[in-house]
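Single-structure report; data block below.
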Amino acid sequence: MEVLLSHLDAFAGGMRTTAELALASFAGALVIGVLVAACRVSPVAPLRAAGTTYVETFRNIPPLVLLVLFFFGFPKIGILYSPFTSAIIVMAVYTGSFVGEAVRSGINTVAAGQAEAARAIGLTFSQSFVLVILPQALRAVVPAIGSLFSAILRNVSLASVISVQELAWVSERLIADTGRPFQILAGTAVAYLMMTLPSGYLFGVIERKTAIKR
Amino acid sequence: MHKSRISLLALLVALAMVAAACGPSEPEPEESPTEATGAKEAPEFAAGSTMDTIQKRGNVIVGTKFDQPLFGQKNPITNEIEGFDVEMAKIFAQGIFGGTLEEAAEKVEFVETVSRVREANITQGTVDFIVATYTINDARKEVVDFAGPYYIAGQDIMVNKDDDSISGVEDLNGKKVCSVQGSTSIANVVEQAPQADISISFDTYSKCAEALKDGRVEAVTTDNIILAGLIDEDGGETFKLVNNPFTTEPYGVGVKKGDDALRDFLNDKIEESYEEGSWEAAYERTVGAAGIPAPEPPPVDRYSSSGASPAATPTGAASPGATTTSAATTTAPTTTTTN
Amino acid sequence: MSAATLGDALGPRGRRRVAIASVLATVVLAYALWVAIRRLYVAGQLDAAKWELLTRPEVIRFFLGGLANTLKVAFVALTMAALLGGVLALGRISRSFPLRAVARAYVEFFRGFPLILLIFFAFFALPHAGINLSRYWSLVLALTAYNGAVLGEIFRAGILSLDRGQGEAAMSVGLPYWPVMRLVILPQAFRRMTPTIVSQAVTLLKDTSLGFVVGFEELLRVGQIAGEFGRNPLQTLSLVAVFYVMVNFTLSRVARHLEIRQRRRYRAAPIEVAGVEDLVAVGAGAAQQPKGR
């Protein structure tokens, strides 16, 4: 127990880095996801193709492979970012493909009548998309987005491989330094619960607030 | 009649040669290193000893590095592991199974042991022993035992070829330095250059080398021998060695704590390899081929298992291009000497 | 599929606008592609020397060995996770409170815990308790522990998605608990679950890449070793990515095919399970259905 208490600041630092990574990646993923979904439902064929390629590529590659490729491979062509930034970019791009799919399925659940009505009153494609379809679609997919955020919280632990000092990295280092794996892992589990439980609750609240009452 | 008498004579001669060759108490001084690979006879071991178990099993499981140039590196084309540690392992195998070095090599199964899993693999018994650029120090001696050392390296610094700003460990202060988590290298840097930025670290040195090449860090620090391997891998084009070692790193063979019989056996084999020239031959085949001349082989440290080590511990750090004198005056294995 | 979801068919003006946008989009994408290729060329990454190693049969065999290891781990872990998931699902719907509590605690814990730490735990911490696992088994155990929880939730959702009437009818005919499960509930639930299970299998396959961090020679590690040896990490890691896409894309296609077939035959909707990353693949597939919804 004292082992955990004496390393509280290390845990706290790790948790903060994990939270920063998760939030930044999530924000990026949302932006990318909406753009990708827009491409996928667009009438412009090349955009549809680009969107589909994006999704099919990034959904099927393990995030760790993307991370290693970006961090160790891309510098060879001049793309070099710090470990922290690299992690955010990769996680945003990766999760963005899932967000894109979720938003797309959300768009498709919005009744066709909505789109027709929007067009009927003279809104352009982009207006009807942004003002009518998207808000309803996003409300429909809040649960899925919530579970994707939990997935991000878990996935940013991969950044430890490229020496970002988030919670998993701190945990590994403490296990090596103190030689007390069980206590450290218990503490790490608590630390992760301290992040997943509140965010799960928060998304539950958002879900209830935005639920479409039919 | 004639033929059988000749063959009987030949048989007697062969037996005599074998009798002369085997028997660790009387090693023969060899003329040239290549003759050390001659066939040996498999000795008998005390029942229940690790060597006996290994011999009965028919193969020996050795932990080594798969990504350490010159010492233990997997060649993806031949699927073989190559390096000085590998050659030492083969020598040990020959000591157990007999036969020629090549035959004994067939009986070695190599398992990859990256730096941070070495102790776990020994204590778990996943491997019989570990030869993997394994520095002997007191902290590790609490968990495992060591035979050897069979080589002395020193911690040094590697920089990009056109970087002249670093000439010693003190220059690392304020610079980004890469090393491996859980290695003695990082601890030494923290001690001797407390303002060095060690935020970027990985689980293998090869990743550190990539980071140096990409400009993520300004220096990589670890044993000079490992650095020499990384430099050599790039044909000497990309990196250079600062060549100012600031520690001594005795490499040993990691064995299970308390297995004194195995430790004695391995120490015997190491000393034998010095005298027979097989050590030097192994060195020339691997590290020597990269242009680093062989130093004097270090005397082995037969410490008693209670932990107290007798006086003769080696100090000379082997830096490429210099010869070492093995003065036996210090007590602790991890003294920090520059030479 | 797409134009139909957003309003009616386009008139001549709309068609013209779309045509212009298409041309523009093609130009922009082609330019982006050209920039990328040029960058590769300038950095010398298109040189034959860097790619030559990948064409050698021994190297290809090395990669295929890594792929084989990946598939082996995935298969074993999936099987064990399925068994564990079955136990957990039954525990969660059990009538006994302690069983439910234990199952719930297990699922809640493992779904929130990073897999990379589970693997570390299996490889580094268990020896302190006397359990020594190889890299392979550490990976398999960690994957099983995590995916068992997820599959347990999938199974539970599948069972619960059935109309209560099924179970009630079966029991009212006099069948006891186990035959009800075995003969009535589980077969129907299973049919609904298959696409989601295959999606989870894809995720599992991707997660085998984490064996990399303990040095297990699965596909990613193989790509890294080869990249260090041949000094062409960009090329080897790209090849690794391509392999993964090929395998997973095929599996996803199987999932979608199963789902379409299930919709048509049994008129059953696929299961939505919170926490399954790729559930959207299944949901999105549903949206692709032609009018007959």
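The first chain written gets the first letter, and so on, giving A, B and C; residue counts start at 1 in each chain.
Basically, a residue touches a chain if its C-beta (ideal position, glycine included) is under 8 Å from a C-beta of that chain, and two chains touch if they have at least 3 such contacts.
The structure displayed is predicted, hence computed values, not measured ones.
**Q** As a test of whether you follow the contact definition, which chain pair has the most C-beta contact pairs?
**A** Going pair by pair, the biggest contact count turns up for A-C.
**Q** Would you identify the chain whose C-alpha centroid lies closest to the centroid of all protein C-alpha atoms displayed?
**A** C
**Q** Calculate how many whole Å lie between the centre of chain B and the centre of chain C, each centre taken as the average of the chain's C-alpha atoms.
**A** Spacing between the chain centres: roughly 43 Å.
**Q** Go ahead and note the Å separation of the Cα centroids belonging to chain A and chain C.
**A** Between these chains, centre-to-centre, one finds 16 Å.
**Q** Residues of chain C that touch two or more other chains: which are they?
**A** In chain C, the residues touching two or more other chains are 124, 213, 233.
**Q** Chain B: which residues touch two or more other chains?
**A** Where chain B meets two or more other chains at a single residue, that happens at 203, 210.
**Q** Going by the contact rule already set, what residues in chain A reach two or more other chains?
**A** 72, 76, 161, 172
**Q** In the complex, go through chain A and note every residue touching chain B.
**A** Interface residues on chain A, with respect to chain B: 72, 75-76, 80, 82-83, 161-163, 165, 172-173, 176.
**Q** For a test of understanding, state which residues of chain A touch chain C in their complex under the given definition.
**A** Against chain C, chain A makes touches at 40-48, 50, 56-57, 59-66, 68-69, 72-74, 76-78, 98, 101-102, 104-105, 107-109, 112, 115-116, 118-119, 125, 128-129, 133, 143-144, 146-148, 150-151, 153-155, 157-158, 160-161, 168, 171-172, 175, 181-182, 185, 188-189, 192-193, 196-197.
**Q** Help me check something: in the complex, which residues belonging to chain C touch chain A?
**A** Answer in residue numbers: 2-8, 10, 18, 21-22, 25-26, 29, 39-40, 43, 45, 109, 111-117, 120-121, 124-125, 128-129, 202, 205-210, 212-213, 220, 223-224, 227, 233-234, 237-238, 240-241, 244-245, 247-249, 252, 272, 274-281, 283-284, 286-288.
**Q** For chain C, which residues are in contact with chain B within the complex?
**A** That would be residues 56, 58-59, 62, 123-124, 127, 132, 134, 213-215, 217, 222, 225-226, 228-231, 233 of chain C.
**Q** Please output the residues of chain B touching chain A within their complex, sorted ascending.
**A** Result: residues 116, 181-182, 199-203, 207, 210, 213-216 of chain B touch chain A.
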